[in-house]
Amino acid sequence: MKIFQQLLQLKERKRGFHLITTEIVKALPQSNELKTGICQVFIQHTSASLTINENADTTVRKDFETWFNKAVPENDRSYVHNDEGSDDMPAHLKASLLGSSVIIPIHNGRLALGMWQGIYLCEHRNDGGQRDIIITAWGE
Amino acid sequence: MKIFQQLLQLKERKRGFHLITTEIVKALPQSNELKTGICQVFIQHTSASLTINENADTTVRKDFETWFNKAVPENDRSYVHNDEGSDDMPAHLKASLLGSSVIIPIHNGRLALGMWQGIYLCEHRNDGGQRDIIITAWGE
Amino acid sequence: MKIFQQLLQLKERKRGFHLITTEIVKALPQSNELKTGICQVFIQHTSASLTINENADTTVRKDFETWFNKAVPENDRSYVHNDEGSDDMPAHLKASLLGSSVIIPIHNGRLALGMWQGIYLCEHRNDGGQRDIIITAWGE
């Protein structure tokens, strides 16, 4: 078995859900050397997250932003962590609800995403800046 | 270290939460050859998901369906992605809240689930059809 | 590639969110032998969970407890699984929302958590008792 790893810095995106599958695949071309394996994508932040969801209709990503803003509201008076902006504490909560990594099998030398699956960068802050990612792939 | 991989098609289930631990274990008998390792189960869909929860009382799985239907309601007028049925956009959201994979250690040659842990297929659509799964296990 | 695994029993903690990064790192010193790899931490329970979030300000962990208690209320009359205490069914739901494992890359021989990232034990029960964890690290 072999293992490959690559650091990647994603450019700043505005708050919301963004498809980054192509960037991820390009960043670790060595994963093509693996016929059978796994690829993990990890985000080194606590106010942005990663998830897998529909890669086609952009309205899905809009509705994600709408639902998460309702479910985890800003300016809730019960928050005590509120000195970094009204979007900060909700960002932490959304990040843990969605998770800091996605893990995808490699099958027949390719990332085995389903036909409709794509990788989302979930930017929960208004001004999140660049985001650091680590991609690791292993297998044989 | 060795790695094994198996594709599995789960039969159609009705909307709700379904225990699939036995099917998963049966589908990859080679994982028994690993004394120490990891098993990942991945679902190639964006409107169904996988999670680990209680394997005993069926009422837990009923309450999961009830809670998720309340937390992610159908027919919310704020959804813009609504041309594939009222259960579609909620299904995408539920799928990301729960996640597309479960990852379980292999210890002493066995899947090291806790006494009360089982693997759930979370079917979020009314007519989701068959669901494609990839099981990958690695270790030594 | 090599793989290491260690069982760890966490002492009882009160309901809430607790930083356990140091305990996890200490429990598997062999992970230092890996220059490039992955570390998975798995909890063998269905009413406690693991997540990654801010390691600094304790108010973040307080707000996690507050938000999750609102989002997944106790004593909801729609629960049918309610014979193990009012905190039991909410605990199962919270556990699946957050997940039973965290997976962190190892880069240059160290757990590659971001500057603000720590590992949380999320104790969802009033009297959860000790919690069993399995740490697995692999790489080269």
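The letters A, B and C name the chains in turn, as written, and every chain counts its residues from 1.
In the analysis below, a residue touches a chain if its C-beta (ideal position, glycine included) is under 8 Å from a C-beta of that chain, and two chains touch if they have at least 3 such contacts.
Keep in mind that this is a model prediction, so the values were computed, not measured.
Of all residue numbers that take part in the contact between subunit B and subunit C, under half occur on both sides, making this a different-residue interface. With angles rounded to a multiple of 5, the C-alpha fit of subunit A against subunit B returns 120 degrees of rotation. Chain centres here are Cα means. That of subunit B falls 19 Å from that of subunit C. Multi-chain contact residues of subunit A (touching two or more other chains): 1, 71, 97, 99, 103, 138. Subunit B contributes residues 1, 36-38, 51-54, 57, 59-60, 62-64, 66-67, 70-71, 97-99, 102-105, 107, 112-117, 120, 138-140 to its touches with subunit C in the complex. Touching subunit C in their complex are the following residues of subunit A: 1-3, 5, 7, 40, 42-46, 71-72, 76, 78-81, 89, 92-93, 95-97, 99-101, 103, 132, 134, 136, 138.
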